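In this document, chain identifiers A, B, C, D and E correspond to the written order of the chains, with residue numbering beginning at 1 in each.
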Amino acid sequence: MVSPLFIIAAPLGTAFFISLFSKEKQRLAFLITLAAMLLMSLVSLHWVFTYLTSGPVDYYTAGTLPPFSINFRMALPEACLILLINLTGLFSTLFLKNSLLRMGRLSMAVLLIDIMSLSGIVLTRDVFNLFVFLELMAISTGGLVLLSEDNRAPAAGLKYLIVSQLVTILLLIGIIFAYHATGTLNIDGLTVASLTHSTGGKLAFFLILIAVIAEVKPFPANGWALDIYESAHPSFSVIFSVASSSAVLFATAKILSIAGPEWLPIASNVGIITFLAANLFALSQTNDRRLLGYSSLGQSGLVLAIIGQQDILGDHYLYVAGGILLAHAVAKAGLFWMSGIIKGRELTDWTTIQGHPFLIFSFATFIALLIGLPPFPAFYAKWELIHSLAGAGRFPLLAMILLGTLLEVGYLFRWFGIILKRKPDGPGVLQKKRHRKRMVIAATTAVGWGMGYLWGTLSPLGHLFHATPLLFALSFLLLDWLPARIKNSLAIAGLVGYFALQYAGYNPMQLIFASVILIGGAVILLAGFDNTGRRIGFYPATVLMFAGLIQLIEARTSFDFFAAWEILTVGSYYLILRGKQSEPHALSYILFSLGGAFLILTGFSLAAQGGYQIELQMLGTVPQSVAPWVFLFLALGFMTKTAAIGLHIWLPGAHAEAETDVSPMVSGILLKAGLYGLMLLLMTMGKQQLYGVELTHMLLWIGALSALLGNLLAIFQEDAKRLLAYSSIGQMGYALFGLALMNHLGWLMAMMFVINHYIYKSMLFLSIGGVARRTGTKEMYRMGGLLKLMPLSFIAVLIGIIAVSGVPPLSGFGGRWIFYNAIMTSEYRLPIAVLFLAGPIAFLYLFRLIHTIFLGQLKDEHRRIQEAPFWLIVPQMIFVALLMGVALVPGVALRRVDHYIGQFFPNEGGGLNWSGMTISSDFGYWNPVAIMVVVGVMFATLLAWLLFVNRQAQVVKQFNIVYAAERPYRPETTHFAWNFYAPYRKALGFLTQPLVTRFWQTVTDLLHAASDLFRRIYTGNGQVYAIHLLAFVVMVYLYSKGL
Amino acid sequence: MKKELEKRTVTGPDGQTFEVEPLIDYYCEAHPTVQPPAYSKIIENLFNWARSESIWILGFGTGCGAIEMRPLMTPRFDAYRYGIQWRPTPRQANLLIISGYLSVKTLKRVIRSYEQMQSPKYVIGLGSCTINGGMYWDSYNTIKRLDDYLPVDLYIVGCMPRPEALLEGFNTLKRMIRAGNAEGANTYAANFDWYKTNQKRVIHDWDMPDYNW
Amino acid sequence: MQQFEWIQIPYSLLTLFIVLNFGLLLNALMAKIAARVGRRRGIPIYQNYIDLIKNYGLRTSITHGIMFYLGPVFRLAGGVGLLLFVPTLYGSEMFSNLSFAGDLILALYFVFFGALGMALGAGESGHPHAAIGVSRGLSQMTMAELPFALAVFSVALQYDTLTISEIVKAQQGSLFHWTLFTNPLAVAAAMLSFLGSMMRPPFDVVLAPQEIPIGPPTEYHSSYLALMQTNRMIFPIAKIVIIMNLFFGGATNWPIFFAKVFLIYLFAVFVGVVFPRFRVEQSIRWFLIWAVPLGVLAIVLV
Amino acid sequence: MVLVVLAAGFMLILLGLYGALIHRNILHMIVSFSVADTGVNLVLIAVGYMPGRTAPILDSNVSVADAVERIIDPVPQALVLTAIVIGVGVTALMLAYAYRLYQTKGTLDISKFTELKW
Amino acid sequence: MTKRIFVFGMLIGLGAIFIDLLLSYTPDSALNQTARYYAERTATDLGAANIVAAVIVTYRGLDTLGEVTVLFLTAAILVMVLYRDHGIGINKIPNRFLPPTGEMLGTGSRLLVPLILLMGVYLFANGHLTPGGGFQGGAIIASAVLLLLLTNPNQTFNLQLFSLTESISGIGFVVIGVLGMFFAGGFLDNRIFPIGQLGELFSAGAIPVIYTLIGLKVGAEFSSILVHLSEEKEES
């Protein structure tokens, strides 16, 4: 085995060696540097494997035992960090080739020494030696900043030197007094000598700790780091962000190990404040590297906070900290390197990677790594972290971590949206023909996925890569070069095939959801055959969403459930983002979704009671002290997905701007995920009271208000798809209401809504999408009179609106009938009144939908349009047939569910009687077949009569109308469509004030204002930065006095 | 011709351009045809009786005579007693009363309204002006003889005729309908070209289809 | 609840026939009553028959398209269906019609069937006034229906059933068993709502005859209009039958039926001749302020 | 005695820092930091000092046997050497940067180098 | 002004920490365990008379390696800072006017430089025996260069030589350190050579060798730093 001292000696020797070369031999020097880096990486890889099984080993110098000489300690974490540092060095060297050659061999020597010093920081067990390596790091950092072509870089270097002077002073004073107090400089020796037990020792320890923490770039003493990030060569930023940060974080952990757990809160608090502040300030950044810098600071802060939590993390400490640290490392390395191949420095300049699917994929991978989305390490790590925090009752920290992450989600996904959706300024800003650099990025991406796999393997909770649906989805990434139609067939086959394999094992409720997801998804996917070409990126996202959905249905533990939840969120986000104008909407979607996901995470972690997961079926056994809170968090989280009022503002845009065949998926199917969650929650936890408030009662109100306001907002929309989107809010309100009724029929009604809403909303979105595609607009008043041109679409919409409005004889009526029966036994009557109002209002927007599009006056420019494409019509006709089927024989789908639900309400009868054709309850009865037949016969008879008496009607054209003895001027002025319900707006418009939108807008505005205001503390003046550091030290000192 | 009725070139949403000719694309071009009575005499008689007992008047006042119609709705005359009602839309009306002088501008609207009524339909000329122009016999912008432009079933003379005269006129019309003599709509269809020629002679800016369905 | 038998078809047709004739006469009678308020004699009592025959007998008609054609069919099917889904006479096998198909909820929701079809037909006529009328009508309807729905629900809660015949059954025995006396709040709410659904003043701005020439049906004529007139004769009565059954003890024989329907109808006419017209937003507010609270109280207090 | 030296060292540090944080001229700052460094070194030395003892060098005066009783702590001496050298290095580097910055802007006022901020 | 007050306040805070330290400080009356170990074992184990030198070169040799590296880094970065091909916006500073050197300084320097060099060499060669050592010696050697520069600021030096000395002695240091891993107890163990007799010049194993290398290296580095800081011409 190679001694770790090699990692010090080899680069030093190489550095001294290459400085011997003459100027002409730069290339040789570069090759030698590269070779050294490669060798060191290989050796460190070897170490990783060596120490995988063995425990820590100490290496001594000077032939003397510590504490009298300096020693190194090597164990698995150290080995991993060394590998990380050296790999970063290796790739950066590759990436830096041109700059290194320009700056000459000395710069290579400095780079080598930098990497060496970082390894030293990790390995050494002597505080003074640590100081030496820290100084080496600081000085070499100061030098490497110069690799940048940016003229501002030297100033940044000087700022760092100024700050590091201050750090040096503190550290040295601390070290000497620590030595004085204990008589040793060895870290283990200091621990044994219980440094922190004496007053002087405590102070000395404080100074050492604060000095090391200062190198972690804590808020507010981190302005200098930002300036370095912004001006340095991106590849050096990689080293600075990844390797340096990791090393000093490790050093902090080492120093903290000297003292007892009572010092951990310093790390936690400094870390979390840094995390929050950095992420907040990042919100108003437009410079890419500075943004990445802020993000790096935040991530370091997070790891620091985790280091402060090692007392509760126990065995999982390394798994958690490592997961987040490594994920950040890989992601940040990748992002900084990417910034190296992009010329502009504004976030919007990154639009040049449009058209490079691989780069986009890499970028997506990196932000997923950073945020901790499955299947990446930080996901597992955050899950365990949050569970530990909840288990230990550290809720403020938990909240702040999630809040900070949400801020991070905000700016990273906004950036992603900008990259994909903004128009690039001009072509060719991307640096061309840099295969070397692209290889580095590709390798980083691969490492990211590899780590995801590794963390899954290590996870005690389950391996996400072992789930067939996810693998199926990921396989589409590899197949993305195939034509869209082949991929479409594959996806459909996959969905149907999976259903065929699995359905036998589902319970009736799961079966309903699974059919909606898999079979329903397959039907909607039929519309995908309309696309020619390759449709890059669509299928991975779509199948990912479906994979998440079906895994959600199948999940048995909270971990599986949450992983599935995030997978489906991510998949649907990418889908939604594909829409033309969807940038802001996709962003608010992901923000609300992940915000909701974090609430769910909180809920689960509370429920787990210190464990790392909980069986979903066991949710009911959560102790009464936390149960209401679990309920509250989970319910809120699920309601972000069902877009309950107050949390709904993402939905209209997201659904309306999505592509034609995406809208039905995200509306008809995706919303059901939230319902499934709620259903699960209510099934397991039942009624909960918080401060005497019945939470299901609150849900009732939320459901009713969602129904009312969703419908009310829908009637004032001019955009057809937006109208449908608001209608979804209303419909989900109904379903939520049904669930919250907490009785048998209420749940049955919710299940009926699951089926019905899927069918008619998918159908309507497809029809309207087809119309919008043909007419080139989504605004209804620009359409009109399309009935004659698009009769099939019209039929679909007609059937759809009859079904939605609940008018017999179609299937919507069944839902209403069950609803009335369900509320008969409800304890709460006031919310019902609200819901009663919502019902007829649905009628308004539905009529408007069909009237302003298909009826009224056909416009000049639409006179030649054709029926929607064949493949859009096919699923619509299937839906029509389905609706008829459900209307005639609802029992096929519902009878078993009815029975299944019955077992949750053993004490009340409540179920329906399905015998014969008539469906009856305790209160009433209903015979769908009879209704259909009666209505059909009546209708046919009357029509026959009309045809008889009116057999020779003259067919006239659209302007042949009675127009007060005049004639119409143009179709546009004759089509009454815009602001269709003006009187209604006068009467009830006050209810549609965008209060919720304004609320969230204010929240984001405040955040941005705060971000913009407070980031001004980073004045750019090096002296001010030093004062910040001083202030930071004094503040932490005052804080630690209180410990 | 008005600009909005001229041919125009339009670009569709998918980029194709085509021409729209409003008079063809937006209006039905068919001409009226003579409508035969019901195939059975008994039924036709029944219908005629019903038509005579249910006369729905289009509320369209063309001239000063319109004021003489309002009293018919009041308790003093109460025309509803005779099955006479007013409808706001020509589609549902059977009887068009030209109440007084008819300017050329109004004639255009009257023709439209008349053509939009469903047959069988009846026209009553109210007052002298509809017969020979009355006191406006030499006016430059009123028509002199309503009969040239629309098939008038009945004239009620006077300047102005009293409501009582109107009631008497309705009774006369009822008798005509019952006798099967009020076939103005068919007359109009049979002599369509003649009527159109007359109409277009006075209406110089003819900007409507030949027959307003 | 009973099962279907073929004999119910002629029985139902008989009900339809009786109600149609009753409707034709009753509407004329109401028109005469309204005329008497204006000191006119008004139309002859048989005028509706003549109008109907005339409209069926007109020689020409036009059509704007398929939905325009189907609109009146929807309308009349809605009216007839509403009538037939509700038992007309309590305790009579013969006149319980097709009520085996569904309960009160079916009737409540079937009301919209005709309205929807009519609105679609009117929409296809391409006439802006028709669309304006529909807009007004639907707007007003949403709020007018709310107190009614609340009252119905209150009654259903009160009798713990959604079956109409059960509700009627519970009101038999004495005048004071009527919902009118056992649940006056619900009845008040329902009757106010009833005013809004009868298209009479003050809630008839939907049909404003000269402003938007009678709104939705502005393009309808001839046999279309005849179908709609037929519905106009049946539909109010069907609606009144529900009200009668729910709130006024139902009817066990035809004379009582005629009397109750007449009186309930008279209430709307009475209000109609006394009050002027509301604008749509005014009527919405009126229902919201006066009728809805009654309905809410009714379901809370029941 | 030792306390006095310690106090002097601390005073030097504070004075140096005050200068470094108040003066805008980069050269002044560098000099101030040197002062502070000196203070640190003084503190380092002072901590290792023990009254009445001699330097940790074994020669004719101090034999191996009684070294434990006679010499002062050698470790701070070693440390201070390292600290001094590192201080020199950093100071040299800062001077170089100052020179470089002066070349770009013709000023040594640190508040003028704020293109990177926020 | 606010800044002054703020800085003042913060320094008072820092001062408070220092005062706390001061107040809690009690001077040792006896050597602590580490110092005791060094005092007792240095002579026998390492054979070095100068315990500080033993600590610097062997016990804490890694620190010293780091120190040397710091100087190397500084020198290297200095070259990078001062001689990189400057971008746009860099103002060339006009050559200073240099007054002629005084007679005394010129003559004195000629006399002193060899003596100073000798002194430096003596110091690092005897570092393991007497006060002094590689750093001190190197610094003194560099002071000779400084003197020459003061005498004639435009004096040219063979930077190549500096650099060569620097690198070779650096490599030597590392190699000796590594040899320790193979032939003695560990990295930088001085006992790869015989430790000899305490107090002899050739004793204490590798300490004098290392100190010599350090002396050369430090001298070369300091000299090159000085030269670089004084020169304005492009890199040779």
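Quick note on the criterion: contacts are C-beta pairs under 8 Å (C-beta built on N, C-alpha and C of every residue); 3 or more make two chains touch, one makes a residue touch a chain.
Just so we're clear, the structure is a prediction, and the values are computed from it rather than from any experiment.
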Given chain A and chain C, the chains that contact each of them: B
Most distant chain from chain B by Cα centroid: E
A-D against A-E, pair bridged by the larger set of C-beta contacts: A-E
Whole-Å gap between the CA centroids of chain C and chain E: 106
Geometric centre distance via CA averages, chain D-chain C, whole Å: 99
Centre-of-Cα separation between chain E and chain B, whole angstrom: 117
Approximate Å spacing (C-alpha centroids) for the pair chain D, chain E: 14
For chain D, residues that touch 2 or more chains besides their own: 13, 17, 21, 47, 75, 82, 86, 89-90, 93, 97, 100, 104
Chain A, residues touching no fewer than two other chains: 128, 132, 135, 139, 142-143, 151, 154, 173, 177, 179-180, 185, 954-956, 958-960, 962, 1027, 1030
Touching two or more other chains - residue numbers and ranges from chain B: 28, 89, 91, 213
All chain pairs that touch each other: A-B, A-C, A-D, A-E, B-C, D-E
Complex contact set, residues of chain A against chain E: 3, 5, 8-9, 12-13, 15-17, 19-20, 23, 59-64, 67-70, 102-104, 106-107, 109-110, 113, 116-117, 120, 124, 126, 128-129, 132-133, 135-136, 139-140, 142-143, 146, 149, 151, 154, 173, 177, 179-180, 182-185, 198-200, 203-204, 206-207, 1027, 1030-1031, 1033-1034, 1037-1038
Contact set on chain E toward chain D in their complex: 3-4, 7-8, 11, 14-15, 18-19, 21-22, 25, 27-29, 31-32, 34-36, 38-40, 42-44, 49-52, 54-56, 59-60, 63-64, 66-67, 70-71, 73-74, 77-78, 81-82, 86, 89-93, 129-131, 133, 135, 198-199, 218, 222, 225, 228-229
Complex contact set, residues of chain E against chain A: 3, 6-7, 10-11, 13-14, 16-18, 20-21, 24-25, 28, 32-35, 37-38, 41, 45, 58-63, 65-67, 69-70, 72-74, 76-77, 79-81, 84-85, 87-89, 163-164, 166-168, 170-171, 174-175, 177-178, 180-181, 184-191, 235
Chain D-touching residues of chain A, taken from the complex the two chains share: 128, 132, 135, 138-139, 142-143, 151-152, 154-158, 161-162, 164-166, 168-169, 172-173, 175-177, 179-180, 185, 223, 226-227, 230-231, 1015-1016, 1018-1023, 1026-1027, 1030
Chain A partner contacts - residues on chain D that touch it in the complex: 13, 17, 20-21, 24, 26, 29, 33, 36-37, 40, 43-44, 47-48, 75-76, 79, 82-83, 86-87, 89-90, 93-94, 97-98, 100-101, 104, 110-111, 113-118
